[in-house]
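In what follows, structures are represented as C-alpha cells.
What follows is chain A paired twice: with chain B in the first complex and chain C in the second.
And now, the complex of A and B:
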C-alpha cells in the first residue's frame, strides 16, 4: 500500500511546474548568495590614531596595524576629543589612543596602557574590529616579551566560536548552517502544504474513506521529503566545496546520518501543522511563524550561548539548534558521531515526538 | 434478503443545528437505494456517517455487518465512495488513479494491470489511459470516479450526487453503469436531485429537514401520494420544509 502512495507523491511532485526546479535551484542560489549577505567579516575599518607618545614603539605598533588588510589608518589627531568628533561624523570607526609615556612605561615597568575605542552602533562589526586590533597589539607585546594592557571601550566579549576558524572567515561559519536552513525550508514547508492541499482539492475525502492506516499515510508523506532532503543536502555539500572550498573536517557520513534524522524531524513538524490547517493560508502562516522562531532561536546568525538562559531554554526546543551545532562541529572541528551523541539523542527525540504527533493528529473522521 | 445497511435512530447535531434527525432505515443486499432530499436536508451528512467520515451524535448503524462506532476501518475495506466534489487526483493520469486506489485497497499488481485494461475498454477510455484526469470532460471524470469506487469490488458503493452537472446522455450511461454494478451484487446507495433518476431506484427515501418523510419503492410512493411521478411526490414533501437552504 505504501509503495503505491509514495509513487503517487513523486509523480505529483515531478509534474508540478515549479517544485522540481525550485528544489534543485534553491540550494544553489541560497548558498551562493546568502553567505555574502550574512557576512560579518570586517573589512576596511577606518582608524583614527591619537599618538601622544610619538616614540619608536608607538611607531612599531602603528606599522603593525598598517600591515593588516582589514585596518586602515586614515587620520591622525592630537587629542582624543578631536578623534571622537571623527567618529561622531561617521568618518572613522575606531580610535587607537597611545598615551604619552607609553614607551617609557613599557621599558621600565614592562607594562603600559593603550586605549581602543570602537563605534559600536553596529555591535557585531565594532567588537570584531576591536578584536582585530587587540590581536595585533598582543602579538606585538608577545614579541617584546612584556604586557600591554589594552583598555577597551566599551568592553567586549571574545566569543568561543572562532576557536576553530582562526581566519575568522565568516563563510566557514555560515555555509554549514545555511545548509540546515535550506533543508528546513524545503523539507519543512513542502510537507506542510501537502496534506492541506489535498484537503482543499477534496482528495483527502477519498483517502479518508479508504482503509489506509494513519501511520502508513504519514509515512507516505514523510519518505518522499526524506529523499528530497538527501538530494538537497548533497547539492549543498557540492556547492560548499565548489564555491567555497569548504569540506567537512569530519566524516561526510556523520553529516548525512544527521541530515537524514533532521529531515524526518522537520518534515514531521510540517505534517503536524498540515493536519491542523484547514487552508493553505493557515498552513503558510503557521509554518512561517514556527520556522522564523526556530531559525532565529537556533543560533544560526548569533551565537546560541550569548542568548539569555530563558531564551536558550526556548531555543533548545529547536531541532535546528542541534543540527546546526552538528554541522559546525563536523565541518569546522571534525567531530565524530560519538562526540555528537547528545545532539543525536535530541534529534531522535524530536523525530519520535513530532511524528507520533503527526500520526495522532491526522484524523480520518470528524 | 440480508440487510447490508441497518440504521437505527441516527442523529447528528452541529451545535444547535440538527442535520440528521433520528433516522432509521434498512438497505438490502444488491438494492439500488435512492437517498433523496433538497439541498441541506441532511443527505450528505448521513452518508458521511455511514462511510465512517463523520461521527454520529447518537443512534447506531451497521454497514456491511460492522458497527460504525467501533469498526469504521473495517467498513472502509468493504465500501466504495464517490464524493460530491470530484476527489480523484487531477494531476495523475487515468491509469495512475486506478492503480493508486486499487493499491490502497490491497489489490495485487498484476490483477490491477489486467483489470485496468478491461475497465478502460468497457468505458471506451483506451485512448485516454495516459490522459491527466484534469484534462477529461466532467462526464468522463464522473464515470471514471464511479469505476474507481467499485474497482476493488466493494459490498456497498456510496454515491453522493454522482450526476450533478452531467449531460443527459452521460447520465443515462452512468445509470447503466450503476445497474451493471447492482447486477454484480454491489449494493448502491445513491443521493440525487434528479427525480427522473429516482425512478430508476429499487427503493427511495425522501429526507426533509433531517428526517425521513417517506420511504418505499417509487411505484408505491406514487400511489400513496396519488402522484404522476416522483417529482410530484418530492414537491409535496419538500413544501413542509422550514429549513433555509444552507
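And now, the complex of A and C:
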C-alpha cells in the first residue's frame, strides 16, 4: 500500500510543470547567488571630501583613504552644504570635512579638528564605515608623531587567534547555513502545498473513503520529501565544494544523518499546517508566517546570543536553530556526532512531536 | 459602476471569510516589525566565554571578574588545559577563549610584556572580530585602572557626526524594508493567487461569460488588496512611530503618494504573474522566487546593495522594492525634499506603466 502511494506522489511531482525544476535548479541558483547577497561585509563606502585646507597633510590623509579598499572617494565639494546634498540624493554615504588651517593647527597648536559625517540610516553600515575612516586618521596621527612616548600605560600584548575560519571569510559561515534555509524552503513549503492540493482538486474525498490508515497516509507524504531533501542537500554539498571550495571538516556522514532528521521535522511541520489549511492561500500564509519567524530567530543572519532572552527562549523552539548550529559546527569546526548530541536529541524531539501531530490532525471526516 | 461595486464586494467577502489568511495578513507586519526590531540584532550581549588562567594571581582574577561583570560577556567555563578549550569550541559552548600566561602580574609589574591570547570562534567572522575588540577593550580598561596611567591624548580630534540616526537604532533601516516586503506579499502574491484560483476552480468561466468587461473584473479583483495594503501601511506607521520611536520627518502627503504608486506597481506585478501562471502552485512559486526573495535580499532591507557583486546590483535595479525602500528611507527617515526622490518616483511610475501594458497584452478573456 505504502509503496503505491509513494509511487503516486513521485509521479505527481514528476509530471508537474514547475516542481522538478524547482527541486533541481533552485538549490543551485540560490546557493550560487545568496552568499553574495547575504553578506554583512561593508565595502565601497562612497565618500565626498570637503578639503578646505588643501595642504600637504590633508593630501596625505586623502591618499591614505584612497589606499583603503573599502573607501572610495567619489566627489570633492567646496562646502559642507553641497556635500550634504550628495548625501540626500544618496550618491554618497560619508562626508570627510577637513577645515582650513588643519595642518597649521596640527603643527603649531598640536591639536587640529576634522569632521566625519556619516549616513547612519543603516546603522551597521554607517558605524563600520566610520570606524574604517577613524582608524585611518588615527594611524596617520600616530605616524606623524611616532616620537610620542607612551610612558605609564601598561604594556601587555594581546594576541588574537581566529580559530576555524582563519581567513575570516564570511562565505564559509553563510554557505552551510544557507543550505539549511534552502532545504527548509523546499521541504517545508512543498509538503504544505501537498495535502491542500489534494483537497482543492477533490482527491482528498477519494483517499478518505479508501482503507488507507492515517499513519500510512502521512508516511506516504513524508517519505517523498525525505528523498527530495536528500537530493537537495546533496546538491548543496556539491555546489559548496565546486563553487566555494567548502568541504566539511567533520564527517559528511554526520551532516547526512542530521539532514535526514531535520527534513522529517520540517516536512512534518508543513504537513501539520496543510492538514489545517483549506486552500493554497491559507497554507502558504501560515507556512510563510512560521518559516519567517523560524528563520529570523535561528541565528542564520545574526548571532543567536545577541537576541534578548525572551527571543532566545522562542528561538530554541526552532529546529532550524539546531540544524544550522550542527552544519556550522561540522563544516567549520569538525565536530563529531557525540559532541552534537544535544542538537540531535532536540531535533529528534521535533520529529516525534510534529509528526505525531500530523497524524492526529489528519481527519478523514470533515 | 454598480457592476464594479458588486464584484468588489464579492472579492471582499472571499477575503473576509478566510479568517486565517486575514488574521495573518493583518498581524504579519506587526510581528515582522517586532522581530526585526528586537530579535535581529548583532549586538554583543552576555556572550559565553571561557578562560584558561595559567597565572591565578590577584590581577588575573580581577581581570576575569571585570570580563564577567561587563554586559558583553559571561564567563561560563574555567579551563585547565588547551585540549578542554578545543572541546568546548566544538560543542559550541563558548564563542571566545581567553588564555592568560603564567606569572601574569609579575611580568606586568616588571614590564616584561605578559601575553594574553584570545581564541575566537571565527565561524562568524564579523562576530568574532567584534568579540575580540570588545574583550581587548575591557582588558585594556581594567589594566589602565591597575596602573592608573593616563591615556596619551591624540592630536587629531575627529568629530563624528551620525546623520539621521544618532542613536543607531536598527529600526530606522528596516521599517521601510518591512513596508516594501508586506506590500509585495499582499499585492503581488495574494492578487495573483486569487485570480489564478478562479481559473483553476472554473469560476473564471462564469465571470468571463457575464456581461461585465474584463477590465472591470480585474479592477474589482485588485481593489480589496489595495485597501488591505493601505491598512498594513497604516499599521506599520503606527507601530514604528509609537512603539519603535521612528520619526516621520518628511511630508506625509508625499510618503502617502509614494506608497500608492508602489502599491499600484505591485498590483500590476500580481496581475502579470496571474496571466503567466496556470495553477495556484505555479503562481505561488513564481511570486515567492521572483518577487519575495529578491525583495527581502536585494532591496537593501537587510543587506547593503552597494557591497554586492555587479550582477546582483543589476538585478536589484529592476526590483520595485529597491526603489521604494530607497525613496521612503529618504522621505521618512532623512526628511529630504521631494525633489531628491524624483528619480525613484519616475522609475516606479514607468515600471507601473510597462507592467500594466504587458499584462493588458497578455490578458485573454477566453479560456484555452
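Here, the second predicted complex is superposed on the first by the 244 of 366 C-alpha atoms of A that agree within 3 Å, B and C clash if a C-alpha of one lies under 4 Å from a C-alpha of the other, contacts with A are read in each partner's own complex, and residues count from 1 in each chain.
The working rule: a contact is a pair of C-beta atoms (placed from the backbone, for glycine too) under 8 Å apart; a residue touches a chain by one contact, two chains touch by 3 or more.
Just so you know, these numbers come straight off a predicted model, no measurement behind them.
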item	value
Chain B versus chain C as contact partner of A:208, first or second or both or neither	first
First, second, both or neither for A:118, with chain B first and chain C second	second
Touched partner set for A:141, first chain B, second chain C, both or neither	second
First (chain B), second (chain C), both or neither touched by A:193	second
Partner, of chain C and chain B, that touches more residues belonging to chain A	C
First, second, both or neither for A:349, with chain B first and chain C second	neither
First (chain B), second (chain C), both or neither touched by A:3	first
Chain B versus chain C as contact partner of A:293, first or second or both or neither	second
First (chain B), second (chain C), both or neither touched by A:11	first
Overlap of the chain B and chain C footprints on chain A, listed as residue numbers	16
Touching residues (chain side chain A, partner chain C) in the complex	16-19, 22, 26, 33-34, 36-44, 46, 87-90, 106, 110-127, 130, 134, 137-138, 140-141, 144-145, 148, 150-166, 168-170, 172-173, 189, 193, 197, 200, 276-282, 284-286, 288-289, 292-293, 296-297, 301-303, 305-308, 311, 315, 325, 328-329, 332-336, 339-340
Chain B-touching residues of chain A, taken from the complex the two chains share	1, 3-5, 7-8, 11-12, 15-16, 201-203, 205-213, 364-366
Complex contact set, residues of chain C against chain A	18, 20-21, 24-25, 28, 31-32, 35-36, 38-48, 87, 89-92, 95, 108, 111, 113-129, 132, 136, 139, 143-144, 146-147, 149-152, 154-166, 168-170, 172-173, 185, 189-190, 193-194, 197, 200-201, 278-282, 284-286, 288-289, 297-298, 300, 302-304, 306-309, 312, 326, 329-330, 333-334, 336-337, 340
Of chain B, residues touching chain A in the complex	51-55, 72-74, 76-77, 79, 81, 83, 85-92, 96, 99-101, 103-106, 132
